[in-house]
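The letters A, B and C name the chains in turn, as written, and every chain counts its residues from 1.
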């Protein structure tokens, strides 16, 4: 018993001395405490981290401004920024989808962007307020298992996946902002009553997964026949190994169907930011030629949106998607969450 | 010379009074046992002497130095008392050597000389020094606890029921060894106990306590033979108490005429007769009717070395208990004659 | 005779009140939030089909797992402690080993191999093999502590081994087994990672989904209220059980051991059964982990990231262990040395965290820090406070036991031998309580290194731990990239877990 006690003591002691207190480093709020010459920006990043890393590395190389990441999800971070208010440590906020940007904007969280910066992307990617802007986009797709479904069997509209024949055969990542953005498009195109009805059907038909990647994997494994995701999950997996996409093909709804929705990833400068100039520089970079080129050439699989930069040739051209025309400022996140709660999907 | 003088010490815990006006003198190099039932205040008294608590009133002096009294309180670490608590309370994280030398200055702790001396003193082998408390028997633990208390050569050693947790076989040997070690060390010792045999056999002075008061303090034989009152009498040993009448150095009672201690008050009294004073003369037939009192033998408890015999005095007297040699045990139902040896103690009948 | 009626020392009391207040933050938040949300809104959020669905899901998984872990844990303990099973020492270690593997890692190991484990039955299997050691360890300890004379008496009275087990052994095991499985229940109610990965929605995963969808909105907080109620139910049962439990006093000297039951023909089936348990609990997940480490397509082995996240996890673990122990010590001291209604109340308040899953504590701290202490929001400080609240009970149990090892009489003796307060502290009290308190700190450290839920919500900007990094990769189905972080977590927690389980074995 005594020996055991001693040994435990020794372990505790060893643990205490070992790696020092490396963690302390992450504790204090960065930014203000940075080097004297250049501020360090805090980026609230709800986008895929590897993609943003690539972009931000380019930015830091060009400007010498360092950027700290806080990673999260669209709605979580948007709500967080709203709660934090003027005390928010965030300088720039980037999302995967626009409803989160709209939420922050509606609470007056963003500072207006410079006109020159806004002009770097086509108009449909800028909300009327001009307080934030798109810097990337992604297309809704119906990923299906090509061994289970023929092209003739595919649903014509996203609204059709609530039909009885799809019961238990389709998957969605309901808790994710991606899917919630798609629902916001359905809401914008079809109105509240039809959307509520559609969600109810979805609750009955769909299996819920943790994320788009999981949906695609389930489709590929034949667990389900098809799922609603964004295009780039498939593009990336095919580019890498195809392990989760070899049996899977994409179906683009087109026809201005809400299922052909192209979601806009937004970037904005926080009103609370204490480094306005540097923060604007970052947004300008993300939407400018160099940033867009990194996006188009990179491995993210997302669409660059600048007219000056050709999009990734591996992607179905943006012009052929026949997406529904929607005002990016009108996609309503909180309403979608409420409708999904009512339908029991959340 | 008096090593410890306690005067009018009182102590209470909230509304509960633990000690009321206790006086006690402990002569130097003597062994005093404070004897009393649990809850009588004896442990509180010991804690006051050690300095673990301060008295509410009265004084305590070690030799000519007052250690507790009005405006005076010497903390325990400066009183130089040795303390042996119940169950030893050895430091479980230290081995025997480190336990014993705990109270010594750093240099002496290292030398090991004193350690050897102390191990010898408490009759423990040198090999025990490296063991840990949980590897020792109860008796060994107590000896180590004593050695630890004696190590800094304290002016006085306090023992708080140190043998109560040992089983009977160990208790006797350990107690004797402890008493011997204390004498060899010329220590002044105060032992707190509820065990009469322990108090009577070990101590030079027995102080009997009851309900926070000191009832009697005297040599063991005095306490036994001349207790202060019937309750003390019953507490320090088995007693037969009989009503009687004292007249001129002799008392009349159910056991016939019994000699009483000189100075006893005349008149109605309670007589204290110890069972070993009652002698069974022989079978009733063999003894002339004039000698002794007639009794019928009841239950006999046989212990080997001796036996206790319940006796119903005839024709309708009270029941008494006699202690007889194991070799001369009567049979139950036998009719015998009884006599009383020695002197009985007498207490005034209305006193108590 | 320890009749010390001493008043509470004011400084100590103040410190303890402070600790109790900190520990009470989450509960006060849940209650306060529920009240302020208002009846109508609460009704809208609580009375809807989704809540019913979650309630059913949570209840059937929790109950199912409690029953299965009770059976599995008791059976395994009996085989290992009381029979002629070959290799009992090795089985003992192997059967306790799943404790070192966070349930979300076990879940990852399974689900990355086959999606068949998604849903109720898979979830039941995985949480059962992850949590049965919580029953196995106390049941084994209880079996070791039983007085063999009782069983011998039953045998002498004509009972066969099976009836003896049912009528004599089992009733005596009941407190250990029930206590263990209630603990399993509490763990399950708080479990997030494992179930999220298995696509099995419970209250905890639903709270997280709500959090991701709307941050700390009323919906998440109302779910938290329901979850806390469920936990309180189990905790009350546990407390009542503990109140009635009687501990047999361990006698001095070596206990006589009972003649083990001869398995004879049953040896092979028993070995197969235990092997199956270990294979399901350790073999499959660890094999899967190794598989993803070796052949995973996306495994690039980011050494730098592994080193920094491991350093962060270890650093956070150490700081949290330090803080939690520092908070536990005064309360434990007060409750052991100054018994009374006030000290009992203060002590109990630190156990409230037992009923608070990490997700609730995190939500509470986010909202409280944003509203009342914006400067603390998003700092390591809040994260550490979160850890401290969550793991205070573990530190308390150890600290209390340690302080009880140093009874006041030892201080008396030390004083009588001439040492002063500070010296007594250094030479007697600290050496006595250090091992126990250190073990408590180690428990906290382990818990923090493998903590996922609260860390996900509370980790400040730029803080990446092994658990959060693992989670982010596994969410992207990048199993190969996630595997090294999981492996490191297991590597850090395994040796200490082994020593701690050995320690409980030796002292019980």
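As a convention for this text, a contact is a pair of C-beta atoms (placed from the backbone, for glycine too) under 8 Å apart; a residue touches a chain by one contact, two chains touch by 3 or more.
Computed from a predicted model, the values in this text were never measured in an experiment.
Visitor: Quick one: which chains contact chain A and chain B both?
Guide: Chains touching both chain A and chain B: C.
Visitor: Would you mind checking which chain's mean C-alpha position lies nearest the centre of all protein C-alpha atoms?
Guide: Central chain: C.
Visitor: Which chain's C-alpha centroid is most distant from that of chain C?
Guide: B
Visitor: Between what two chains do the most C-beta pairs come into contact?
Guide: The chain pair sharing the largest number of C-beta contacts is A-C.
Visitor: Centre to centre, by mean C-alpha position, how many angstrom separate chain A and chain B?
Guide: Here chain A and chain B have centroids separated by 87 Å.
Visitor: Using mean CA coordinates as chain centres, what's the gap between chain A and chain C in Å?
Guide: 35
Visitor: Just how far, in Å, is the C-alpha centre of chain C from the one of chain B?
Guide: Whole-Å distance between the two chain centres: 53.
Visitor: Quick one: which residues in chain B touch 2 or more of the other chains?
Guide: Chain B, residues with two or more chain partners: not present.
Visitor: Please output the residue numbers of chain A that touch at least 2 other chains, ranges allowed.
Guide: In chain A, the residues touching two or more other chains are 1.
Visitor: Please name which positions on chain A make contact with chain C in the complex.
Guide: 1, 4-9, 11-12, 15-16, 18-24, 26-30, 42, 48-49, 68-71, 73, 75-80, 82-84, 87, 89, 174-177, 180, 207-211, 213-214, 217-218, 221, 223, 240-241, 243-244, 334, 337, 340-342, 344-346
Visitor: Flag every residue of chain C that touches chain A in the complex, lowest number first.
Guide: Touch list, chain C to chain A: 45, 48-50, 53, 115, 196-197, 199, 201, 206, 208-217, 219, 297-298, 308, 310-319, 367, 370, 374-375, 377-381, 434-435, 438-439, 441-442, 445, 459-464, 472, 475-477, 495-496, 499-500, 502-503, 506-507.
Visitor: Flag every residue of chain C that touches chain B in the complex, lowest number first.
Guide: Residues 1, 3, 5, 252, 405, 407, 409-410, 412-420, 427-428, 431-432.
Visitor: Which stretch or stretches of chain B touch chain C in the complex?
Guide: Residues 13-14, 43, 47, 50-52, 75-83, 85-86, 89, 91-94, 102-103, 138, 148-149, 151-152, 154, 158.
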